[in-house]
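After this come two complexes, each holding subunit A, first together with subunit B and then together with subunit C.
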Partner chain A sequence: MFHWLEKRPFFFAVGVFLVIAFAGLIEIIPDFAQASRPVVGTKPYTVLQLAGRHVYIKDSCNACHSQLIRPFKSETDRYGPYSLSGEYAYDRPFLWGSKRTGPDLMRVGEYRTTDWHENHMWEPSSVVPGSIMPAYKHMFTQNADIETAYAEALTVKKVFNVPYDKPGMPKLGEWEEAKKQAMEEARKIASEMKNQDVKDAVANGEIPEIVALIAYLNSLR
Partner chain B sequence: MVNAAMEYDYTVSKWFAYLSIIFGIIGMVVGVLIAFQMAYPELNNLFGQYGTFSRLRPIHTNVVAFGFTLSGIWAAFYYISQRVLKVSIRENSVVHGIAKLHFFLYVILAAGLVVSLLLGITTSKEYAEMEWPLDILTVVVWILFGLALFGLIGMRREKTLYISMWYFIAFFLGVAMLYLFNNMEVPTYFVTGMGKWYHSVSMYAGTNDALVQWWYGHNAVAFVFTVPIVAMIYYFLPKESGQPVYSYKLSLLSFWGLMFVYLWAGGHHLIYSTVPDWMQTMGSIFSVILILPSWGSAINMLLTMKGEWNQLKESPLIKFMVLASTFYMLSTLEGPIQAIKSVNALAHFTDWIIGHVHDGTLGWVAFMIIAATLHMAPRYYKREIYSKKLMEMQFWLQTTGIVLYFSSMWIAGITQGMMWRAVDQYGNLAYSFIDTVTVLHPYYTIRAIGGLLFVIGLFMWAYNYVKTMQSGKILEKEPAFASPMGA
Partner chain C sequence: MNWLSDNINLLALIAAVVIVVLTVLVAGKYIKQMKTDRSTGELAKENWDGIGEYKNELPSGWAYTFLGAMIWGLWYFAIGYPVNGYSQIGEYNEEVAVHTKMFESKWANADRQTLQEMGEGIYLVQCAPCHGIAGDGMDAKAADLTVWGSAAGVLDTIKNGSKGLGYPMGEMPAGLLDGDSAKRVASYVANGMKGEKPAEFAACAGCHGVDGKGMGGMAPDLTKYGTPSFVADVLNRGKKGYIGTMVSFKGRLTPIQEKAVGTYILSLSRGE
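Right, the complex of A and B next:
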C-alpha cells in the first residue's frame, strides 16, 4: 500500500490530510458543540475597558503575564479563585499567556488600585523594587482608540450576539452615546490619578492609553 | 546528458538561502537583546516604546520562525525537490515563475510583519500575530508554494517520491489547515464602517479560542520546526556522508506515526486550564507516544552513520547534522516529560519551557539549516567551502552557546516553579512573586551570553558563506558526496 501511495502524489496527499485532520475533528469539534456559557455575573467589556484591552494587546502584556489561575492551592493563595471556563466567555481573543515573567493578572482588579497602576506603569521599580518590567511612559501621552473599541463591541454584538444593551449588561447604544459613556468612565479614573498631563488630556475630551488600560485592569476580577 | 546535476536551476533556492542568513541574524540579534533585557531591564529604554521587551519578543519569535526557518526550508526545498524528482525547475517557465513570485511576495509579507509588530498591530495569538490583511497575503504565499510543490511533482521523471517529498507535502498541507482555522477572524471595519480598517476580532471566544490557538500553536511547531527539517536531514545527511538511509521501514513508521500522533499533542499547552479534562489527558498521553515517531527518525539518521563514525571527526558538516539529530532526540524526550501532568504543573509558565523551545530550535532547526546551506553552497557556486576551520569554530561556539542556554533555563524554570509553590511551616506562601524574579538574574545573564555565542556563530556562518561565493577554490565538477572544504 505504501509503495503504491508513494508513486501517486494525489492519493498520498489525501492520505496525509486525513491522518492529520483526524485529531482536530475529534478534539475540537465536541467542545464547540457546547460553547462555554458565561458564569453568572460575567459581563462583556465596556467600550473603555475594551480600548484598554487593545492597549494590553498592542504592547503584548500577555508576553509576560498570564490570565489563568490553575486549581492549585499555591495559585489560589497567590492570585484568588481558580479560573472557570465561563469567565472567559466574552474574551476575544483569550489572553491566557504562556509565560509568567510577571505575576498572573486574572483578578488583578481585586487587589490593585488605579493609583498603584499609575505609579507602576510609569516606573515599575518604584512600587516593586527589583522589578524587571519596562516602564510604559508612552501610554501617558498616546491616546487610546475608542472608535475601534466601539467598532469591535458593535461587531461582536451583531455577529456573535454578545448581550450588550441587555438588562444588567453594559450599554453600547449609538456611537455618540458610547463616546460620552466612555468619557465619563475615563473622567472617573483620571480623578483618581495624579499625572497632570493625563488629567488635562481627559479634561480636553481625550482618553490617554493609560486611562483605558487602568479601566481594563480594574475590570479583571 | 553528460552531467545531469549541472542542469538544475538554483536561482530561487539561492535567494531563499540569502534571506535565511539575513533573517537569522536579525531575529537572533533581537533575541539576544531581549535576553539581556531580562537580566538588565534598563536596556528596555533604548528605542522608546519600540524597544521594550514586550514589543520585541513577538518580532524575535516571528522573524526566527517564519523568516529564518521558512527561508531555510524553502532554500532546501527548491534544491532537494529538483534533485529527487529528477527535473529542473527551468524546464517549465510557469512553475519557475510561480517560484519567483513565491519568493517576492514572501519578502513583502515578512517586511509587513516586522513593521506591523513594531507598531503594536497584533492579534496577540502566539505565532499567529498578523492581522487579517497579512493573513490573506500569507494564504497567497502558501498557495504559491503549493503550486510550485505540486507543479514540480507533476513534472517529475522519478516516479517514486523520496522520503523528503513526503515530508514537504505534509508540511504544505498541515500548515495550510492549521493556519486557516486558527486565523478565522471578523474584520470590524467591514461590519460597522468604523475604527481602524485592519482591526479584527477572533471568531472564537475564551476557552474555545485557546483550544484552537494551541492546536495551531503546538502544531505550527510540528509542521514548521519538525516536518520540513526532517525532510532536510533525510536528504542532506545521506548525501553528505555517502551512506544510504538505514531503514525504509523505520522511515515509514516514523512518517505516518508522526502525522497521526502530533496533532493530538496540542492539548498539553492547556493542562490545568479550563479546557475539558479529557482533552488535557489526551494531550498528555499523545505527547508521550510522540517519542516513538520522533526517535524513529532520529535513530534512523544516526544509524545511517553506522560504520562511518570517523566522518564525524573529519567533517564539521556531519558534526552539525549528527548533533542536530541528537538535539532532536533530547528535545522530543524533554517535551513529553513536560507534558506529564504533574511535571507540567511545575514547568508551565516558567523558563524551563523557553529552554525546551531553544534546545529544539537552536540545536535541531538552526543546525540543520546551517548544515544545509553549507552543503548546497559548493553545488550552487561550484566552489569549495571557504574555510573548514571557521566552520569547526562555529560549531563548537554555537554548541557551547546552546548548552549554556538550556542548562541555565532548566535551572531557572525549576527554581521558579519550586519557589511559586513553596510554603512555610504554617502553610503560607514562602515567597512573594518578585523574590522569584530577582533570584533568576544570574541564569538570565548566562542565557544571554549563551545566545550571544550562538549569534557570533551566525556571523561566522554568513562570512564563510559569502567567502565561499566569492573566493572559494573553483571545482571542476560537482562533488558526489562529502563537500570539499578549504583549510
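Right, the complex of A and C next:
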C-alpha cells in the first residue's frame, strides 16, 4: 500500500493533507459555525468608525498593537474580558495582529477617552513619558475617506447581509444621509477635542482623519 | 586560576572531554565501516533513476513505539479530547477562581503600608497614562491628585463647582463661598467633618444634608471625602467634568484593589 502511495505524488499529498488536517478539523469545525456568530450586542461599524478603521490599517497601527485578549489572568487584568470569536463578526479583516510593541487595543474604548487620544496621537510622550510610539500629527490635517468607508459598508450590507438599517443597528441609508450622519458623529467628537484646526475643519464640513480614528478607537469595547 | 573549583565549570569540562572522545570513537568506527562494508539485503522492486531501496525490517523498538503512538492517538481523538472536554476557557476560569480566593484571603486585612504599595502598582498601570506618574494631572489633562482629596481639593471644588459624577442632584455650582469661610468649611470637610461645624456649612447643607451624608444618595457623602471609599465611588461612576472625562472602572478592579489605589492616591494629596 505504501509503495503504491510512494509512486503517486498526488495521492501522497492528499494523504499527507488529511493526516495533518485531522486534528484541526476535529477541533475547529464542530465549534466554528456557532462561535463565529456575532455576540449579543456586537454591532457593525458606523461609516465614521469604518473610516477610522481604514486610517488604523493605513497607518499600520496593527504592526505594533494587537486586538486579541487571550484568556490569561495577566491579560484580562490589564485589558478587560478575553475576546470571543463572535466579537469579530463584523471585522473585515480582523485586526488581531501578532505583535505587541504597544498594548492590546481590543477594549481601549473602555479606558481611554477622546481628549486622551487627542493628546496621545499628537505626541505620545506628552502623556506617557518615554513612549516609543510615533506621533501622528498628519492625521490632524489630512481628511478621512468617508466615500470609501460608505462603499465598504454598503458592499458588506448587500453581499454579506451585515445588518445595517435593522432595528437597534447603525443606520446606513443613502449616501447623502450617511454623510450627514457621519458629520454629526464627527461634530460630537470634535466638541470634546481641543485642537482648533480640527474644530474649524469639522465646522467647515470636513472630517480630519484623527476624528474618524478616535471614533473607531472609542468603539473598541 | 581556580575556575575549576566551580562545580559547573568542572562538570562542563568533563562533559566536553567525554563528548570529544565519543565523537572521535564513533566517527572512527563508521568511517572504517564505510571503507570496508559491502551492502547486503534484498532490494525493493522500485527503482528511481537508478536509485534503489532496501527492504529492511523496521527495528522492533521503533515499531512498538509507533504502534503505541497510534493507539494513543486514536484514544485521544475518540475519547481523550472530546469526552474530557478540556477547554482553555475552563482552565482560565479555574485559574482565576483560585487566584481570586488566594488574593482575597491574603490581603483581606492588609495594613496601610501594604495597600499603599499595591495601590502604587495599580496606579502606574491603570491611572498614570491620564493622571501622570506623579499624579499631578499633567497640566490639567486630568484631575490633579496631589490636591484632590485634601482641604485644598475641597477649596478647589467650592471655587470651581463640580459636575459629571451623575448624582441625582446634578451639578454643584461654583463659588458658593469664598475667602476664610470657604477655607474653614474646606478643612472641616477634609477632616472627615469631625470637630466643630462652621456656621458657613449651611451653604452646603441644602444639597449634602445637614450631616453631610448626601441626603441618601442625592449628592456625594462628604463624610467620606478623602477616604478610599469616596475614591471607590468615583471609580464606579466615572466623571465627565470640567477637566475632561474620567472613565468608569466599574467591575475592573476588585474591592481590595479599589481600596489600595484609593489609599495610594490619597497619600499623594495628604503628604503621607
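Everything that follows uses one rule, which is that the second predicted complex is superposed on the first by the 186 of 221 C-alpha atoms of A that agree within 3 Å, B and C clash if a C-alpha of one lies under 4 Å from a C-alpha of the other, contacts with A are read in each partner's own complex, and residues count from 1 in each chain.
Throughout what follows, a residue touches a chain if its C-beta (ideal position, glycine included) is under 8 Å from a C-beta of that chain, and two chains touch if they have at least 3 such contacts.
Model, not experiment: these values are computed from the prediction.
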Partner chain in contact with A:Tyr111 - subunit B first, subunit C second, else both or neither: second
Contacts of A:Phe17 with subunit B and subunit C, given as first, second, both or neither: first
Subunit B versus subunit C as contact partner of A:Ala203, first or second or both or neither: neither
Partner chain in contact with A:Gly80 - subunit B first, subunit C second, else both or neither: second
Which superposed partner A:Asn119 touches (first subunit B, second subunit C, both, neither): second
Partner chain in contact with A:Val128 - subunit B first, subunit C second, else both or neither: both
More subunit A residues in contact - subunit B or subunit C: B
Which superposed partner A:Glu192 touches (first subunit B, second subunit C, both, neither): second
Subunit B versus subunit C as contact partner of A:Met169, first or second or both or neither: neither
Contacts of A:Val39 with subunit B and subunit C, given as first, second, both or neither: neither
Shared subunit A contacts, counted only where both subunit B and subunit C touch the same residue: 3, 6-7, 22-23, 27, 71-72, 78, 128-129
Subunit A partner contacts - residues on subunit C that touch it in the complex: 44-46, 77, 81-82, 88-89, 91-92, 95-96, 99, 125-126, 129-130, 132-133, 138, 141, 244-245, 247, 249, 252
List of subunit A residues in touch with subunit B within their complex: 2-3, 6-7, 9, 12-13, 16-17, 19-24, 27-28, 30-32, 35-36, 57-64, 66, 68, 70-72, 74-75, 77-78, 83-85, 87-103, 125, 128-136, 138, 145, 147-152, 154-156, 158-160, 175
Subunit B residues touching subunit A - in the complex, by the definition given at the top: 37-38, 41, 44-45, 48-49, 52-55, 57-58, 120-126, 150, 153-154, 159-161, 165-166, 169-170, 173-174, 177, 181, 186, 188-189, 191-192, 194-196, 199, 201-202, 204-213, 215, 252, 256, 259-260, 262-264, 266-267, 269, 272-276, 279, 282, 286, 345, 348-351, 353-354, 420-421, 423, 428-429, 433-434, 437-438
Complex interface listing, subunit A residues touching subunit C: 3, 6-7, 22-23, 26-27, 71-73, 76, 78, 80, 82, 110-116, 119-120, 126-129, 192
